[in-house]
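As written, the chains take the letters A, B, C and D, and residue 1 is the first residue of each chain.
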Amino acid sequence: MIDKRVATLADAVAGISDGATVLIGGFGDSGVPVELVHALLDQGARDLTVVTNNAGSGERDVAALIRERRVRKIVCSYPRSAGSIWFETLWRAGEIELELVPQGTLSERMRAAGAGLGGFFTPTGADTLLAEGREIRVIGGRRHVFEAPLPGDVALIKAHRADRWGNLVYRTAARNFGPTMATAAALTVVQVDQFVELGELDPEAVVTPGIFVDRVVRVGAP
Amino acid sequence: MITPLSDVALARRVAADIPDGSYVNLGIGLPTLVADVAGPDKEIVYHSENGILGMGPAPAPGTGDPELINAGKQPVTLLPGGCFFHHTDAFVMMRGGHIDVTVLGAFQVSERGDLANWMTDVDMHPPAVGGAMDLAVGARRVLVMTTHVTRDGRPKLLPACTYPLTAAAVVDRVYTDLAVLDVTPGGFLVREMAAGLTAGELQERTAARLSFAGDVGVLATA
Amino acid sequence: MIDKRVATLADAVAGISDGATVLIGGFGDSGVPVELVHALLDQGARDLTVVTNNAGSGERDVAALIRERRVRKIVCSYPRSAGSIWFETLWRAGEIELELVPQGTLSERMRAAGAGLGGFFTPTGADTLLAEGREIRVIGGRRHVFEAPLPGDVALIKAHRADRWGNLVYRTAARNFGPTMATAAALTVVQVDQFVELGELDPEAVVTPGIFVDRVVRVGAP
Amino acid sequence: MITPLSDVALARRVAADIPDGSYVNLGIGLPTLVADVAGPDKEIVYHSENGILGMGPAPAPGTGDPELINAGKQPVTLLPGGCFFHHTDAFVMMRGGHIDVTVLGAFQVSERGDLANWMTDVDMHPPAVGGAMDLAVGARRVLVMTTHVTRDGRPKLLPACTYPLTAAAVVDRVYTDLAVLDVTPGGFLVREMAAGLTAGELQERTAARLSFAGDVGVLATA
C-alpha cells in the first residue's frame, strides 16, 4: 500500500540533514512552499545549499532561512528583488556564497539530474563572464558552454492537489519549478491545498506523476 | 527642435513591427509597455518565462490571482487559448527558437549586436541575470527598446560593449527615443529618426559609427 | 488572427521537400499518424530520412513509405516487429540505411533539438557497440556517451483535440513521441480527432502548447 | 531428480522479491508474467516506456483501447491513480533512477553483472535495441529472469559475455529455472537452488565460477 501523505509539516521535513542541498520551488511569491520552508526553519538543519530562483524577500521563507544563517550557499538566477535585504546584507558581508546561473540553465541543470544525464551544452551564457574558465565547445558554428547536472538532496515544492500515490496537479503559474525539482531530488516533499481520492485526478492531466514524489502534506484549512 | 519619443510612442513603434500571430516575450520594465499599446487588430501570444503562454492584461484591482504573475512579478490574466507549463518547458520555448520576437531593455548595444543588459561596472548590488541570457540567445528576433543615451548623457550604442555581455551578436534592431537602427554586417544602419533630429546630431549621441538608409523615415511622436 | 487549422490532408503535408528529415510519431500501432503518412505518400517527397520508433508493419504507413522506396534512411530504436517485412527486405538488400538509437536517447536527442541545446552526455549505451568510435566521458565515475541533437524538418504526429492556436491534448498512450517531436521540427503537422473552440481546453491540462504546432488537420468522421 | 522451475513458479519467485510500493518496469516476454502472479497484498505501480504509470491487467477481449498498449504492444488497462506522459518523461523515469526494480530477460549475464539481451552473434535480423539499454543503466535494481541455459544447453551465466552488451556491471540478481544468484564483487553467489539439484550439477550448467551462500535455500516449484 502506497500512502505518501504525512500528517504534519514536521513529519514532512523530518530527516533533512545539515549540509543538505535543498531545491525550493517558487518564482517571486508565486508557488513558494512557504509553510514547508518555515517547517525547515523549525526543524533546524544548517549549512544548507539552497537552489531557488530568487533569494527571498522581507522576513519570510527563504529570506528567513538566510537571516537565521542557515544557508551557506545559494544557487539562483535572480537574487535581487525589492525586499531581498537579508541576502544582500549577508552577501556584502561575505557570509553567504552566491552561484549565479541563468534561469533556463538552472532549470535545465536540475532536469538533467532528474533525467540521469551527465550534463549538456547550451548556448546560453557561453559568451559571457558566467562562462569564464568553463568548457566551451563550438557546435553548429555556435559557442556552447558545458553545464553539469544539479541534483538536490531534498526538494520542497508547492502543488494544488495530490492523491495518496503522490500524483500532483498545480494551479496557474505556481507550477513553475515544481515539476522539475520533483524529479531532481532524492527526497521530494510537497505541500498541497487538497488531498483527493486515488483516481480523482484526470490521468491525462497529472503534471507530476507520483513516482517523483516522496511526501505530501496538506496546509491551510481542511 | 528635437522631439524625442515618449515611452508610449516608442512602445507603439515597436508594436508596429510585431507581425500578427507572433509569439512574443517582453522583458521586464519598458518593454512591457508594448503589450499595452498593441492594438486588437493583431492576435499576439505573450509568453512569460515562469510558464505562461497567452497572457492577458493586468486584472482589475483586487481581483487578481496572487500566483498568476508575469516575469516582472506583476499580476496578469490568461486569455482563452492560453495555458500553463513548467519552467523547464518555458525555457525550451525560449532557448529552442520558438519565440518569434523578444523585446529587451539594454544598458549597451554594440555595433555587432552584442547586448549588455544585466550588469554594469558600478553595480553595488549582487549580480542577477534571470532569463535574459536565454531570451537573447534563443528568440528568433531580438529587439532592443531603450533610451538612446543614459540619464547622464552617455551613449548606449557603442563600437563594443564595456559592461559584461548578456549575449554576443544577437540584437537585430534597436528602438530608441531618437531612432530606429538595424544591426547589419556594416554596423548600425539608421532607418528612422525623431522629428527635427539631424544625422549629425544623432551621431553625436552615438559612440558607434552610424550609417543611414537612403530613405530615413521620421518617427511618429504619438 | 491565428488559425493553424487546415482543410485537407494534402494541405497538411504541402511543401515537404525531397531529402527532408521527417519525425513520425507512434509506438507500435499506438499514436501513429496514419492518415498524414499516407498523405505524404501521395504528396511524393522522396529520399527521406525518417525518425520513428519502429520501422512499420504490414503494408501501411511507414512500411508503405519504405516499400515505395521513399526512405533513404531510418533512425529508430526497434525496427523489428512481426510484420516489418518491407524494412527487413530493403535492409538486407542494402537499399535502406539504419541508424539504431536506444529509445530514450532517440527521444532525448529530439528534445535537445527542440530545447536549443548542443547535445548531452548519457550513460545509456556508453559501454556498448553503439558507442564505438564515439566520444566517451567519465562523469561521476560513470562512462557517458555524447549525443547530438536530432532535429526534424517536419514532424507528423497524432493528437486527440486541437484548437485554432494549435494547443493539443492526446489520448492515453497515443501521446508517446508526439509532444517531443512537436518541439523538434521546423514544421509540425498534427492530425486530430476533434477541433474545439479556443478556451475549451483546460489551460492546466494542455499537453502541447500551440507554439510548437504549425498545422492541424482533422481526420475521420466530423 | 532435478525439478526446474516452471515459468510461473519463476515469476512467483521474482515477484516475492519486489517490495510493496515499488515502481516496476517489466521487460517484454517472460518478465511480463511477474505482474500476473504478483498478489494483491502488495501495491506495485507498473511503468511502461511508452508513457504509462499504473498499468493494470489486460482488458477483457474486445474491450481494449487500441492505443493503450504496453512496451510489448499488448493491450493493457490503467488503474485508478495511473497516468499518462510522453516518451521523454517515461525515459526520465527510467534513466534517472526513479524505477525501483526492472526485470529483464537475458541472452547472457557475466559474473561482473554485464548484461547482453539485445543481439546475438548469429542474428540474421536487423538489430533492435528499444528501451533495454536505458532500463539497464537507470533502474535502481536490475533483476534478470531467464532460463539457466539456452535451448541447446549452452550456459548463459559466463565469466564474460560474448554477445554485444546492453550495459556493463548493472545486474543485481539473476533468477533462473535452476537458481537464484546474486552478482557480488566476487562473482555469482548462489542463494537458492531448484529441488534435487547439487552444487556440482549447477556449476556444470554454468560457465562462470559459482560461490555458494552458507544457507542455500530451495526454490519452491509452485
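Note that in this section a residue touches a chain if its C-beta (ideal position, glycine included) is under 8 Å from a C-beta of that chain, and two chains touch if they have at least 3 such contacts.
Since the structure is predicted, the reported quantities are computational estimates derived from the model, not experimental observations.
J.: Rounded to a whole Å, what is the gap between the Cα centroids of chain B and chain C?
T.: Between these chains, centre-to-centre, one finds 35 Å.
J.: How big is the gap, in whole Å, between where the Cα atoms of chain B centre and where those of chain D centre?
T.: The separation of the two C-alpha centroids amounts to 56 Å.
J.: Indicate the whole-number Å distance between the mean C-alpha point of chain A and the mean C-alpha point of chain B.
T.: A distance of 30 Å separates the two centres.
J.: Residues of chain C that contact two or more other chains, please.
T.: Touching at least two other chains: 108, 111, 115-117, 122-123, 170-172, 204, 207.
J.: For chain D, what residues touch not just one other chain but two or more?
T.: 78, 84-85, 91, 94-95, 137-138
J.: With chains as vertices and touches as edges, which is it: line, ring, star, complete or other?
T.: Topology of the interface graph: other, matching no listed pattern.
J.: Check the chains against each other and report every pair that touches.
T.: Applying the touch criterion to every chain pair yields A-B, A-C, A-D, B-C, C-D.
J.: Can you list the chain C residues touching chain B in their complex?
T.: 1-2, 111, 113-117, 163-165, 167, 183, 198-199, 201, 203-204, 206, 209-212
J.: Using the touch definition up top, name the residues of chain B that touch chain A in the complex.
T.: Per the stated touch rule, the residues are 48-52, 65-69, 73, 78, 84-88, 90-91, 94-95, 114, 125-134, 137-138, 164-168.
J.: Contact residues on chain A for chain B in the complex?
T.: For this pair, the touching residues of chain A are 27-31, 55, 77-81, 87-88, 91, 98, 100-105, 107-108, 110-111, 122-130, 170-180, 207.
J.: Enumerate the contact residues on chain A facing chain C in the complex.
T.: 108, 112, 115-123, 137, 139-140, 142, 144, 148, 169-172, 202, 204-205, 207
J.: Can you list the residues on chain B that touch chain C in the complex?
T.: Those in contact with chain C are residues 20-21, 23, 43, 45, 47, 53-54, 78, 80-85, 89, 91-99, 137-138.
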